[in-house]
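Two complexes are shown next, each including subunit A; its partner changes from subunit B in the first to subunit C in the second.
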Partner chain A sequence: MRHGNDGREGTGVNAVAQTGHRRLAVGRMAGDRRRVWPWQRTTLAALAVAACAAPFVLEPYRVFQLTMVLVYGIALLGLNLVVGHGGRVSLGHGAFLAIGAYIAAIMTGRLGVPYPLALPVAALVTFGLGLALGRPALRLSGPYLAVVTFVTAAVVPPVIKRFGTVTGGSMGLSVPVPSPPSWTGLAEDQWLYLLVLAVAAVAFAAARNLLESRAGRALTAVRENPAAAEILGVRPGSHRALAFGWSAMYAGVAGTLYAWVVGFVSPDSFTVTLSIVLLAAVVIGGPGSLAGPLLGGVFVTFVPAAAQRAGDAIPGIVSGLLIIVVVCFAPTGLAGLLRMAAGGVARRLGRG
Partner chain B sequence: MTVNGPGDHPRSLFEAPPGTGNGPAALLRVHGLRAGYGPARVLHGVDLELAAGEMVAVLGPNGAGKTTMLRALSGLVRGRGSVLLDGTELLGRAPEEIVRLGVAHVPEGRGLFAPLTVEENLRIGAHLRPAAERAEDMRRVLAWFPVLRAHLSQPAGSLSGGEQQMLAVGRALMTRPRLLLLDEPSRGLAPVATRRMFDVLRAVGSHDRVAMLLVEQDARLALEFTSRALVMESGRLTVGGPAGWPQAGRRPSLFRPGR
Partner chain C sequence: MTGGMSYGAARAVARSTPRGAARGPAVRGAAVRGAAMAAALVLVLPLGGCRLTGGPEAVATGSCAGQQVTGITEDTVKVGGIYPLSGPASAYGLIASGVRAYFGHVNDGGGVDGRKIEFLVRDDGYQPARAVEEVRRLVELEEVFTIFQTVGTPSTAAVRDYAGRRRVPQVFVATGASRWGTDGGYPWTIGYQPSYVAEARVYAQHLKETMPWATVAVLYQNDDFGRDLRDGFADAIRGSEVRIVAEQSYEVTDPGVQGQLANLASSGADVLLSVTTPKFGAQALAVDAAVTSWNPLHILNSVAVSPAVMETVDTGKVPEIVSAVYQKDPANPEWEDDPAVEVYRRSLLSYAPEADPAAPQTVFGWTVAQAFVEALRRMECPTREGLLEAVRNLDDVPVDTLLPGITLSTGPGDGFPIESMMLARFEEGHWAPFGKVIDTRAVFGPVRTASEDSPAGSSAG
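Right after this comes the complex of A and B.
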């Protein structure tokens, strides 16, 4: 793994610091950078093109499903900040999804506010709630945090039912579906898909920037070794809380998009099972990677629905079993498996 | 090289070297430091003085409390008593504040962030530094440890033991410390690599006037590179004497032959 150190040391004061193992640099080993998959950019570009073309070639129901994959992908992107990058477990992200969805439903459905305004409001509110909950909760160690977040997820649906005059109670609320501007000539499902795609693109870019920023590095450092991070001046608590705030915001935004796409919200859409399925999806998609949440979104969209046909408790059980399988056999999740497969193909092509 | 080079003056075992006593030059003054983990008391009143730029070894058997002392100094473990850095009390402050005041700690086992690259590890060392000065800090550290430059974009976990130790020290230097606490930096290194590391440490100490508290198992090696050595024994520090002073008769069990 190591590169040779080919006589690049300084002189003078530094002469004393020549501590490397002298070894001749050969071939790739002489290089400075880790090898990158040569088609990474090409793949990304192809994916972007495919994503933009999809609503024009797929039938409306498939477009709807793909939209839901993106919606859940955004929520998982946020949850991944806590689980994959922060190394903490949250069983409560369904609650933030619910809050984002109800903000959209009440603002546009009851108050008649133009629908785009719901997005920043939901983002701000859930960010604030996430910070407020994250600060005390993240000081607790793993199992306690899981309990606190689980309780949050469990409490939200009853609270929604309790305040029926605003929320519509267990009957739920219907949400006016954003209609495409007439100049676009788009169908409703296509417009919704493109809207969600745009938000998802921004969300992914923001998450990427966040992770490569000073705060993102600090978060990873805290996950890897809290004490070592602390004696370099990183405050573990505040970085974890901030990550929790960000992740709640992603879930809130996803909730608003959910309300737009589904056109209806009810307490039963955001049960504890949803929170469990979301956590499973992060683990199965691949914690700590940026592709993981998208693959996880596929999981949330298709697997629970399929499992539900066998019975109400089945999605939770299936999620639990899949977590165990993935943790045992593929700890880097589906994203890790894909990366390994791509690496294998690249090596084979490189040789041949 | 160091403030009190060995052989400057003949002095008695119990006399503090010039510049470390009550003079204005003392950078660190520890008095009656007590610390522990919950009900378990580990340090029972540690006294210590260190001059700016001075390099002092801390020897002692396993479990004596050396690591605990460094943790107390950097705020990871709550301590009682008094720890003055240039007149500022450190006890009761958060680790982050203590780093800001100029104390860096290379922990036992290095504490690298293995999946992050060498460059990212160094950048986390600069977490509290003003953005404008980070590039200069990085350049400085890479000048001390040029080997790291070839590995900047490699995960820290893929480096050799010696390189990892250099990274751990380099990362601590990114905080621009006045006092560097080193917890067994030679652990797991070949003697040659250890010597090179200590050479760099000594050069950094004299060039940038960084004081160092070096916890070390290999007494002979430590005495070769430091101006004096202290011995930690069941939670108390006792004076070991100036480096190079033949100790064999005094505590034979402690001074294993060097490797």
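Right after this comes the complex of A and C.
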């Protein structure tokens, strides 16, 4: 079972790995001797194929659920930049999701702009807002920052209701569902899924590159010890603000996709609760990892729906208990558990 | 913050410069991966349109050829409902209990034309987005015959695009917004209860008849519900001597309405029209009781009426509270021996013992379920199209827990099943109907869309 992907054979890309470029995931220490999953690329490729094949195999409703997992995954990926990599708490990401969703709804629904245009506009606007908010807000930390971001989340729904002539007020707005080009022969849910999958792939690739770049490592350094980082020439303030801007951009993009997938936006979809659920999902998925946001998305999409079968008020209880269990017994989240399990399997197989 | 920087992080920063040089191969690697992904996609795409699971929609043959028969067989009919079982509006979850009780009662009696009703309830927590998710689950996964019902204006609005696109009937939605009856673009969605506009007209009619020179102070919630009712009232009194002399609005997020009430009291109006939801309705009643110098006729809109609100009322200090009703109140001794109410009580005990029989939501659920079963019985084709046809052509259908004289009727150009109401006075812990049934369509003409309403609305009387 020897495989070319573990960086020992010395092909072009793998040679780089030896120089330290293909470094371990951020947050794992150099010199870490724990076993890791040796077939990462193969697994990734298998997952990619499975992800592309899914809409042709599954029922429409399951495809819809997977689409929602990806949408939440993108939002959580962004939030993870602030929470997992930046070490700061944000209770306000529901607000950016709302802004992204309303930009899509107003542009395609009200103004009749072709729907793909909403995506870059939403990304730019939320990036700008995130940066503008991040600069002053991230000077604060702990409970103060929590309160400031919380207020952001609390303020956005009433503001949306106030400008009812544009936003449809508390009644919300219908969003025209992007229809597949006829040459593809795809059904609506399949098209949406592939659209979201493509955006998610770009988003994950970008986040990965970002974290492995100078800025990403600077962010980690600031999280670990701001004073030491500053001595090394990293400006904590601007890096954190930039991370907040990116993270808001991810949330905005997710909001636009959300509007397309659900086909309806209303202020009640973006309450403070949503922001709290997002933060909880980051923690459960595994802060500071790349797989974490996807697992968090799975949690947000499937657990409440599955728990509902057990009874009326059960979903809230189940979610709450799960959060407590994860925080107590698996502080690295589901992604950490997965990594440990994979390491265990690899050890059993005597590899890695 | 005192811990030293970890070795890894320090190294990460220290390395940042040489790393830039290694960018080339990394980019190439990413490009190779991207190309591979794209190739995989292209390989998969030609399969487009085909799906390994799920066949085409089931359709009928014979005289109803081509119509959808998903979710309905010779001996079952699958019905899906989305209710706020959790969250801020969970009180409306009681509606589901009332519905379940009636369906249980019907199934025990052999079902509808031999079909047993299978009732699936999902929770949307009063969040429109979750309602969309749940409706997809019901339609695509559970393959229900029809969506009966959705609760609340936002959730209903969120679902109706989907229902229209999938051509699934969304019948008897539990919200009083007038748009369900006036929007021509959504034939698959139909309301049930009297619209807020109809209710406003009942109050207007009462004032015109009994207090023709009344001055009215209006307290309303500043959202679509509040404005729908308020504008309906303003339209209905146009051309009469009844006048609105003061108006105050509040936001649903406000902590209270004491300030608004104080302003309204200073107008000294004869009537206070309280267009509120339960929490604010209760506050308005409390303030009205506390202000001894101002004793208006207190009109409480039906949305605010709930046992919890009325329990807090000091009837000695608020002389007269009036609201509009259309279904029987089980707490009213008048219906003590009513056979319909008796069946209701008994069935509730056996099929939904957790529900409070006196709660208006429970009666609502029971009553609307009856209306739904009547519509099922009237289907000529046992198809989704057939059900739509039936609910759109109800011809004075009686339902025994509605007040005597109130029936369901719809037709071309009439998308409002119930448009008649009676006034009721709150006395001795229950609502006692008085006067006669007011048929708002006969008196005021059909409810129009909001845009047409303002100029033409005064065609009253």
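Note that the second predicted complex is superposed on the first by the 293 of 352 C-alpha atoms of A that agree within 3 Å, B and C clash if a C-alpha of one lies under 4 Å from a C-alpha of the other, contacts with A are read in each partner's own complex, and residues count from 1 in each chain.
By definition in this document, contacts are C-beta pairs under 8 Å (C-beta built on N, C-alpha and C of every residue); 3 or more make two chains touch, one makes a residue touch a chain.
No experiment lies behind these values; they were computed from the predicted model shown.
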{"item": "Which of subunit B and subunit C A:V262 touches, first, second, both or neither", "value": "second"}
{"item": "First (subunit B), second (subunit C), both or neither touched by A:S90", "value": "neither"}
{"item": "Which of subunit B and subunit C A:A53 touches, first, second, both or neither", "value": "second"}
{"item": "Which of subunit B and subunit C A:A45 touches, first, second, both or neither", "value": "second"}
{"item": "Partner chain(s) touched by A:M68 [first = subunit B, second = subunit C, both, neither]", "value": "second"}
{"item": "Subunit A: partner with more touched residues, subunit B or subunit C", "value": "C"}
{"item": "First (subunit B), second (subunit C), both or neither touched by A:R217", "value": "both"}
{"item": "Partner chain in contact with A:P315 - subunit B first, subunit C second, else both or neither", "value": "second"}
{"item": "Touching partner for A:T152 - first (subunit B), second (subunit C), both, neither", "value": "neither"}
{"item": "First (subunit B), second (subunit C), both or neither touched by A:R235", "value": "first"}
{"item": "Common ground on subunit A, meaning residues reached by subunit C in one complex and by subunit B in the other", "value": "13, 16, 19-21, 214, 217-218, 220-221, 224-225, 227-229, 232, 234"}
{"item": "Residue ranges of subunit C touching subunit A (in the complex, touch as defined)", "value": "1, 3-16, 19-20, 22, 25-26, 28-30, 34, 36-37, 40-41, 44-45, 47-54, 85-86, 93, 122-123, 126-129, 132-133, 136-137, 140-141, 153-154, 157-158, 161-162, 165, 223-224, 251-253"}
{"item": "For the subunit A and subunit B complex, residues of the former touching the latter", "value": "1-6, 8-10, 13-14, 16-21, 32-34, 214, 217-218, 220-221, 224-225, 227-235"}
{"item": "Partner subunit C, residues of subunit A touching it in the complex", "value": "12-13, 16, 19-21, 23, 26, 28-31, 45, 48-49, 52-53, 56-62, 64, 68, 158, 161, 169-172, 174, 177, 184-187, 190, 194, 201, 205, 209, 214, 217-218, 220-221, 223-229, 232, 234, 258, 262-264, 266, 268-269, 271, 305, 308, 312-313, 315-316"}
{"item": "Interfacial residue positions of subunit B with respect to subunit A in the complex", "value": "74-76, 94-96, 99-100, 104-105, 107, 111-116, 120, 123-125, 127-128, 143-147, 149-154, 158-160, 162-163, 166, 171-172, 174-175, 193, 196-197, 199-200, 203, 207"}
